[in-house]
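Chains: A, B, C, D, E and F, in written order; residue numbering restarts at 1 for each.
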Amino acid sequence: MSGPILVVNPNSNAEVTAGLDRALAPFRLGGGPEIECLTLAEGPFGVESRRDGDAVILPMLALLRSRSDAAAVVVACYSDPGVETLREQLAIPVFGIQEAGVLAALGRADRFGVIALSEASIARHRRHLRGLGLLDRWVGEEAVALSVAESAHALATLEEAGRRLSARGAGALVLGCTGMAEARGPLAAALGVPVIEPTQAAVALALHAVLAA
Amino acid sequence: MSGPILVVNPNSNAEVTAGLDRALAPFRLGGGPEIECLTLAEGPFGVESRRDGDAVILPMLALLRSRSDAAAVVVACYSDPGVETLREQLAIPVFGIQEAGVLAALGRADRFGVIALSEASIARHRRHLRGLGLLDRWVGEEAVALSVAESAHALATLEEAGRRLSARGAGALVLGCTGMAEARGPLAAALGVPVIEPTQAAVALALHAVLAA
Amino acid sequence: MSGPILVVNPNSNAEVTAGLDRALAPFRLGGGPEIECLTLAEGPFGVESRRDGDAVILPMLALLRSRSDAAAVVVACYSDPGVETLREQLAIPVFGIQEAGVLAALGRADRFGVIALSEASIARHRRHLRGLGLLDRWVGEEAVALSVAESAHALATLEEAGRRLSARGAGALVLGCTGMAEARGPLAAALGVPVIEPTQAAVALALHAVLAA
Amino acid sequence: MSGPILVVNPNSNAEVTAGLDRALAPFRLGGGPEIECLTLAEGPFGVESRRDGDAVILPMLALLRSRSDAAAVVVACYSDPGVETLREQLAIPVFGIQEAGVLAALGRADRFGVIALSEASIARHRRHLRGLGLLDRWVGEEAVALSVAESAHALATLEEAGRRLSARGAGALVLGCTGMAEARGPLAAALGVPVIEPTQAAVALALHAVLAA
Amino acid sequence: MSGPILVVNPNSNAEVTAGLDRALAPFRLGGGPEIECLTLAEGPFGVESRRDGDAVILPMLALLRSRSDAAAVVVACYSDPGVETLREQLAIPVFGIQEAGVLAALGRADRFGVIALSEASIARHRRHLRGLGLLDRWVGEEAVALSVAESAHALATLEEAGRRLSARGAGALVLGCTGMAEARGPLAAALGVPVIEPTQAAVALALHAVLAA
Amino acid sequence: MSGPILVVNPNSNAEVTAGLDRALAPFRLGGGPEIECLTLAEGPFGVESRRDGDAVILPMLALLRSRSDAAAVVVACYSDPGVETLREQLAIPVFGIQEAGVLAALGRADRFGVIALSEASIARHRRHLRGLGLLDRWVGEEAVALSVAESAHALATLEEAGRRLSARGAGALVLGCTGMAEARGPLAAALGVPVIEPTQAAVALALHAVLAA
């Protein structure tokens, strides 16, 4: 029997963790691994800069070293903080949600777009995608000026951003933040294109890694 | 309750289908979708050329149109025949195993390599990867001169190919054929790097699409 | 004495074939190969989807196998259906008109644009160009919402699309359909940039292959 | 009646011009344009450096300005000296033979290789291909240490270079110098892959431009 | 004691040279190399085409061969005429200002933009950047329709172009002409992003080469 | 009068800092900024993993916040830890030495190679270069199995690595570690190609930024 998939929210906002927990319910299956969501107590209330992202890496590493039962790890922050370092330091599979969300989108359509929470994050996401060598299939991002909390409920705003991305050629959309999980289904229904919730996508990759082991 | 994930083996070799069926056992989970493996009666005994790949597209489409219960489709042939056409024609998610295997590898390591069954297939795979925009992270392929049937049992040969790919910088390996599923675990254990069985990878993407819907 | 260059129109619309035949008249030269235009009886009336393109591959292959006198083949459909398969299966040179049109444009200018018949085809063309590794020099496509029949006569509409592409940096234009051949000359005169009719471009490549052999 | 296609040999070695003239005989067709080969009197005996290439640009421009009858120009030196400048300054189509040779190869195979006359030229060719955005499909070059004069007759040496390029994945070969035209046919026969003589390829593009005008 | 860094203005407009001389004053440091600005007497009054650029290469080479005391050379024209040829022919380091300006921008920000003097030059700059393999980090260029002389004083126009480039994602700006040096400081202050004067950037690279030798 | 350029050695090995200090002596010029080398007391004895790199970011940030007099910062570790974060958090120019070394090499030659201290670091460097979009011009790296201390004196070993990189097409070399500065001059003399010491290159970029301000 394998250990759990740990989903680490690297900010200290337990409401975000609770939202992730609800979003992952469909992935808890009979005979499959447990999926356990953790809040990083040492994290900032939100990861909103590179500095914030750097600051959570060593605490996440310490937390994960204390959980030798884990079968796989998901870092549930769209800037993928510490993912490469955790891969270097831990023997188990490690997944970042930006990476996973984008990979899931690539499995659904030739080109994808991302709904970002702020203009400022777009340049960081683009920089990350170049590092991943995946810019060729990215149509771009559209920012909705919403807080994490608002983003779950602002369906009309998300829908408008999604339509703009479709018009730019996106055949699939990625939600560029952990807070929009509840909007995923309604948005997909309204737009008629696949909409990827990135923590779900990362957990699916983790399930694959654990079940195939 | 969702319909099944259909895994279509587009060749008419039922032994290959049976092998896939065994490889997918771990992905049949309580509360999750059924996973049903089908043999394409009209297919050639093996898909070994572009022409073979072209010939199976319309029969697969007809087969899948007759299965309106399906929740998602996996085309279980490493040359991904018909995947784009099926996406165009069907309303459900469609996954190709080369695409899915490579995406899974990208979620585990910066660069990956592929163990191919023949030299001749490498150029086709490379061509496909350029079309997917994913060549940047591909270290290359190593061919083992084995039949599909032999490939399941020739662990030493596969291991040697895998070591060559690791030496070329591959941090993850993809098995470039449907016949090597049984070798996946031993190979990963011997080499100490993630080894991706591509039909499992595609089924995991399909699970994600179905469970998140 | 070499055999003919066969230009296969993979749809069953004989008027399109007749238009191609007229457009190729200047390439029938004393001492050069014959240029013979064929209609694929088994083809759809128009190739308007990937599925349509897949459906014509095996019939084209059968037709061409029956013509062992052929010196080279041009597939006269802008989606280049079956080109790679025919190259695999036949010993003679095979040319696709999208490929050829784009290569001709690359020989005339640093960057090129394409006049497409529909928005829907742009994404397929872009996907094909990525596969060919030629996106760097593509400024984009502009769609004119015309039928194949209308496109030959709608000079003002084509001119407007051409001007938009020039403004985006295109130094040469490719007509993204077989039906616009008659508009080529007037359009080039009106816009002052090279305008490539892709079947002519493919026949020129075929002439090269045959004459140099 | 259109004017001639001018093929300018930018070095002053008239034997090279005579060789080009013979190689182009098959492209002189009834009803087609004349093909006239010129030697640049002001050119060096061979173009063997960037400096040599720079030095021939203005004299070529002067020569071509004196030939207002020309319908198209081919610059018959594999380093493509002055091609962009001539395009800027002249109203007629201008073709470089490296560009044309590579474009012809791209119309025959997914990836191509080049037989170069010297190791030193490979870096310059590679640099030019990056500028053209065509590196993705280039498997590399193999140098044969031959003079221009020797290269026409050293079939065994060329064949060996060609086999090495095929083994690296080249499905078509380009002769990277104007002096190897006589070897083209025997080499293609020996190797079983398309072998492109680049001045022929450029003349074919020029024929297309002139005939379609 | 090393020889001087020679900054060659390849046009014959001595006012441009004088402006460069003033702009380079801060780089004349105690114990460092002299920085000497030269006007190319044989140059055109302005380098405004590829032809102009070609015409200055051999005269620059002759001038530099006469200056065996030089420790390094900067070609002070944004089209980088002759830079590769001078590198081939001279034993000392050679720097082009477009190259240097862009490299300096890459050291300050993820993506950069360029303020060009004319629409016509943008395509040439873009072509050069593809040749340098640096397009991935270029957001584009904005042209100000100014003469070289006007460009030094048209701060409002430059600022507007700079803001458009920032909005397109540029984190640093390069002045795409030798005439705007005086505007550099005010522009950087107004926009709050690094603004690179390319001759200064090239002299800094030359200083590095000379001081480290 | 501007403040100093701070060169931060993020490891706690003061001997490395002393070596940097000596290597930077030529860049201390009359009238130019001071160049001050600092050892990060909180750093590990060597930065040998991503984790080590992550661990020094916040201490470097604290150190630099305490030095409001600084005019520019150089992070003197070849893995460029914290460079993007420092750029986000500080108002002054920040330079990483891998970035700067590579940019300097790009200003000297079409393609460059890197002498790395260990095989393990090559994959990290390659990953960083993809993120920077600069892989096109990188021929690769050759590892010398030396400690940082040994690397300064093992000229024969470095020379052999340099020759291998030249044979792979490198026209300039970058020393991929802070410890080899003393070998720079002898290596360049022995190999006849530019050899870049990356901390010197970064200080030259910093000088540019400070002098032009």
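As a convention for this text, a contact is a pair of C-beta atoms (placed from the backbone, for glycine too) under 8 Å apart; a residue touches a chain by one contact, two chains touch by 3 or more.
Predicted model only: the values in this text are computed from it and were never measured.
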If you take the chains that touch subunit B and keep only those that also touch subunit C, what is left? A, D
Could you work out how far the Cα centre of subunit A sits from that of subunit E, in whole Å? 43
How big is the gap, in whole Å, between where the Cα atoms of subunit D centre and where those of subunit E centre? 34
When the centre of a chain is set as the mean of its C-alpha atoms, what distance in Å lies between subunit B and subunit E? 52
Where subunit E touches two or more other chains, by residue: 127, 130, 133, 136
Quick check of your reading of the touch definition: is the inter-chain graph here a line, ring, star, complete or other? other
Inter-chain touches occur between A-B, A-C, A-E, A-F, B-C, B-D, B-F, C-D, C-E, D-E, D-F, E-F
What does subunit B use to touch subunit D in their complex? 123, 126-127, 130, 135
Going by the contact rule set out above, which residues of subunit B touch subunit F in the complex? 110-111, 136, 169, 171
Per the touch rule, the subunit C residues reaching subunit D in their complex are 26-27, 29-32, 87, 93, 95, 99-100, 103-104, 106-109, 132-134, 136-137, 184-185, 188, 194, 197, 200-201, 204-205, 207-209, 211-213
Give every residue of subunit F touching subunit A within the complex, in rising order. 49-51, 54-55, 57-58, 61, 82, 84-85, 88-89, 127, 130-131, 133
